[in-house]
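Before I ask anything, let me first share the structure, which is written out below as structure tokens.
Per-chain residue numbering starts at 1, and chain names A, B, C and D are given in the order in which the chains are listed.
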Amino acid sequence: MYKRPFFWIVLAVIAAFVLVPGISGDVGLRESLLLGAVYIVLASNLNLMIGYTGYVNFGNIAFFGLGGYIGMYLVTALHWSVWLASAVAGASVSLFALLLGLGILRLRGAYFALATIGINEAVKAAVSNFSPFGGASGMYLSFSSFAPLGGPRHALWIIYFAIVVLMGASLLLSLAIKNSKFGLGLFAIREDEDAAIVLGVRAPWYKSAIFALSAFLPAMVGTLYFFKNGVILPEQAFDLTLSIEAIVMLMLGGQGTIFGAAFGAFVYEQFRGFLLVSPLFSQFQLVVAGILLLAIVLFLPGGFMGWVYRKLPRLRKVLE
Amino acid sequence: MYDLVASLASGVLVGAIYGLAAIGLSLIFGVMKVINLTHGAMIALGMFALYFFVSVLGFNPYVSLLPIVAGGFVVGVMVYWIAVNRVIGSSDLMSLLATFAMNMIIIGVGTALWTTSPYNVDFSLPGISWHGYTIPGTQIVAAALAIVIAGLLYVFLYHTRTGKAVRAVASNRQAAELMGIPTRRILAIAFGLGIAVAGAAGALIATLFPFTILSGGSYELKSFVVTVLGGLGNPAGALAGGILLGLIEGGVAPFVDVSWTPVIEFSLFVLILIAFPAGLFRIGKNH
Amino acid sequence: MSELLKVSEVGKNFGGVRAVHAVSFHIDEGEIFGLIGPNGAGKTTLFNLINGVIRPDAGRIVFRGQDITGLPPYRVVRLGLARTHQIVKPLNDMTVLDNVTVGACFGAANLALKAARPAAREVLKLVNLDNRADQLAGELNIAGKKRLEIARAVAARPALLLLDETLAGLNPTEVTHMIAVVRRLRDEYGIAILMIEHLMQVIMDLSDRILVLNFGEMLAEGPPAEIANNTAVIEAYLGDPDLAHKILGTA
Amino acid sequence: MLRMSAMAVTLTCAVLLAAPFAQAKTLTIGFTTSETGKLNADSKPQLLGFELWRDQVNTAGGIKVGSKHYKVALKYYDDQSSAGRVQQLYSRLILQDNADFLFSPYSSGLTATAAVVSEQFGKIMITTGAAEGKTYRLGNKHLFQLYTPADKYLKSALDVIKAKSPKAKIALIYSNDGFSSAVAKGALANAKRMGLHVVFDESYASDTTDFGPIINKIVASGANVLIGGGHYADGSTLARQLHDKKVNLHFISLLVAPDIPKFANLGEAALGVTVPSQWEHSVGYKPDFGVAPSAFTKAFEAKYGNQPGYHAAGGYAAGLVLQHAIEKAGSIKTAAVTKALNGMNAMTFYGRVHFATGAGDHGLQIGHDMVLAQWQKGANNKLVSQVVWPASAQTAPILYPLKTFAH
């Protein structure tokens, strides 16, 4: 893997994410990059399902939200360290996805997409009624929880670095899968599942495995993100809009491409951030974002990287 | 006991309206395999259209349905040509995103125009009371009209030339094209019909409850549940699915906390999707 | 020669319609076995039953001494039984090479990705697609796609290959080439072949033995010469005078 | 179209007005507001309150700190009613826009998220529209709550029931969200303490549109008074359906929704519905400093053309309280202003303001009392909102019990 230019590009991106705000100490920049990093994690793991396997997971945010809930529960109720909580959240949400996948991955196309929406809504409604997780009032983090990380000011930097590391892990995971036998099997499923099965791809297991894998890092990041926010509430954790936005990011950059997923997520974050603070657009940000998305879908369905790779096919070989 | 009967009765009435809303979604999916994510926004536009006709222009709400259906059809055809036509035949994802983008645009403009605060159409009709339980007249009329509109749609689809063309395109687009049916125009008409029905459902809902520009969202989710109950792409099943959903909502309420209703609804939705992907009702299919 | 595949009394109904009923036959190693019959006779259904796409209602299928009845296709191919489809199923957005690599990776060969690529290139040479390796599969013409279909199946290193109307829709030059490929598969690679074909002349020439299906039931089984003179077979085809004529012509 | 041109005019005015102040000393107050998303309706009046306060302060020459005068500038962004960008935007407000003080976003959830940032930079944040007590028990030192905490919201409604019909059967139904659940929990405990009889206690999903099933359960329970609710959309829907379904109740008290002037659009369905309110324009408080309630109402009406509700008053009060603390401290330093806020126990147009100073609940509002307002028929049969409880603030006698329906 280290022979591939992409590996080094990822390292360079991580270094930039760490060093630029780290050296300048610019908290505003850090906050913006942090959201960018979270989006990259969401989009690139979603890419494993949509771009690699051809299954549109509309409820992808459920992994992030559940991870956040499990992690926050472990931190606030059982006083675990946030790192252990995050890892356990990742593992348990993956397990949940594996079991879920064996059931709903029998569905194809639009049926699968609808089922994932249903699952997100069901989980959200269940959590809203689940009292150990605080029900509808969610869970609030006491300020003292930041103490082990050196107080809130320090803690937010550490959490940021950790999320950047997980962002790097997401990209490398995408790369590793793309260049593996496992990845080849997934692509075959994406192109024609029946043909893939006849060729020997054990589709049910492959699909469940990638579903579980695509849940792991978002769930870990969910814990860190909500820990940083200090609060977790059902409507924040299972926000269907963010789920769909993750798909938009993927489309923007180009589904199936690792670079595209990351690029789309980052650009989308910056773009929405710009619209929010721009006095001209803040009233119409939803409209502007909608028009942009429509334009991409209608005129640039391969997304930005899809377009670039079509113009420069050699670049695809170099990068991915 | 009385409460269960009362709950089931109002469940059926509300369910008919859920069914009508879902018919729009189901028709569009059945004809062009597009899950229309503007559905909720269109229901909301139907609500605001009713507000405009009744509270601003002083029309009777039920008379207002006529211009709303006509307007919904025009809006639907426009949305089809703007957003949907180009993505017909490409992957599921593309049509989902194209319609979602339209949804963002409509909601964005709607929020700028009306904010997200509720509007209310102050209108009521004498209802029926029974052992302390009352069913408002507006609810009875709305359910009846929902069934009438569904019936008219059925008549259109099965007894008119254009309707038959819509069904032909739905069952096999290539064959329809070979038979000389202008498929793109038919798709546009079907999309327009779907939106018109959604708008009508929104207007009927607005005679019952206050609403905001975001209200369509929860009816959209309910429409998903209903279409799955009734069978995706099976408009006749959607009406039955809607009534079933209404019955479930009414039927479980006396026994569990109502805040659990969405948990039950969506779990059922997923389970039925896995176990019976073709829906529970096969009425009107395979003619 | 030892027995490779044994199909005993296999049957399948679709909603009351007997698609396949009580079909029994066996294939030996290195044999080319033809499967013919009028349209709708149940030939493709029989293929689907053998490689596990659908599960039989009755009967047993034994491959290399192992009962594979009802096993899913991905396990059947792993045991060395590969197939092609009548309507080709290329993995459109992947390169030709990657298509064949999938076969090499997941079939009986079960190669690691690194070893699979050179193996796939070898197979591409066999079917004359090596100059198209980096093209997207969706961009091939129909003949190319048919060859790709075979290449993928062969890359799995099967002991038995099921070919479903590989020659349909090809021009005479392409047919000649394809026949040569099938012969090489048997002669050089030692792969036994079970093939469905409508080009009677070809199947009579190629096959060691032939099975005739009609309305899902076995009509006859035997060497080509015997089949060509079988009156029941000729009668079955008489509904289709063209075909009957062809059969009589070869006899 | 009209809105847009109005916006453009406001923008131009803002630019023109801001220009000459650029040289004068300016105090920047930063916050996020929900211009889009579901909190938009509740958040908007709060913003209007902030802006009215700013305009009045600046017209009067600014905030006086010792011998200096500071003009007030508001800097805000849209948080889209979601926590996603709240921390990013508050960081930006503090670091890039150099906000000196902060106001909270609307809602407890967003406020707790913003507080993580405001606390780490030691910035004072006056919270308004963040009623949940939980937020103030996390160890924050610079948060100050203006609203009466959620668990006391329905206290006045219970007082009315206790006084009018202590044997009433109470139905407590509430939206399954953080704020409403906290209110309900507090109300349940209070009712028990007061010896009142709650016969039905249940929550509904916050996006419920059809209240038919739960209303049937209320009827089945035999309840004759109803308290609860949630936010604007569900509350108005519930009120409308209670009326449409002719439920006979002596008394209805709902959270938030009936306080918004548009609630009157429900017509008959609004009549007699009460709302626990942080503030009503008709209250007769005699402030220790700042405007009188009537003066505030008059100014608000002059500027925006409609009556202020408590969200708007809360916004204005946030500015007023901050201003008073700064002037009292004679400094804009955080430590000095914090000390002034900690020591505050004063009457304002908005009611009493007194913050808890204990380590476990610092900043929690303990001085402010809620009033109960009721929609009643006024002159020429128009619906008007009257303060009906407590007696000291009363502007009209309470309608109790409500008219019953004939079935």
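We adopt the following convention: contacts are C-beta pairs under 8 Å (C-beta built on N, C-alpha and C of every residue); 3 or more make two chains touch, one makes a residue touch a chain.
Small disclaimer: the values here were computed from a predicted structure and weren't measured.
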item: Path length in the contact graph (chain B to chain D, fewest steps); value: 1
item: Most central chain, Cα average position; value: A
item: Chain whose average C-alpha position is farthest from chain D's own; value: C
item: Between the pairs A-D and A-C, the one where more C-beta pairs touch; value: A-D
item: Distance from the mean Cα position of chain D to that of chain A, given in whole angstrom; value: 36
item: Chain centre separation (chain A, chain C; CA means) in Å; value: 44
item: Length of the line joining the C-alpha centres of chain B and chain C, rounded to whole Å; value: 49
item: Whole-Å gap between the CA centroids of chain A and chain B; value: 32
item: Residues of chain B whose C-beta touches two or more other chains; value: 108, 111-112, 257, 259, 262
item: Multi-chain contact residues (two or more partners), chain A; value: 125, 128-129, 283, 285-286
item: Contacts with two or more other chains, residues of chain C listed in rising order; value: none
item: Topology of the chain contact graph, where touching chains are joined (line, ring, star, complete, other); value: other
item: In contact (per the touch rule at the top): chain pairs; value: A-B, A-C, A-D, B-D
item: Complex interface listing, chain C residues touching chain A; value: 51, 53, 72-75, 77-78, 83, 85, 89-94, 98, 101-103, 105-108, 110, 112-113, 116, 152-153, 156
item: In the complex, chain A residues that touch chain D; value: 26-28, 30-32, 34-35, 125, 128-129, 135-138, 140-144, 151-153, 156, 228-231, 233, 235-236, 239, 241-242, 273, 276-277, 279, 282-283, 285-286
item: Chain C-facing residues of chain A, complex; value: 179-181, 184-185, 187-188, 190-192, 194-203
item: Parts of chain A lying in touch with chain B, wherever the complex brings them together; value: 50, 56, 58, 103-104, 106-107, 109-111, 113-115, 117-119, 121-122, 125-126, 128-129, 244, 247-248, 251, 255, 283-291, 293-294, 297-298, 301
item: Chain D residues touching chain A - in the complex, by the definition given at the top; value: 7, 11, 35-36, 77-78, 80, 82-89, 91-92, 94-96, 109, 112-113, 115-116, 119-121, 132, 134-135, 137-140, 175-182, 203, 205-206
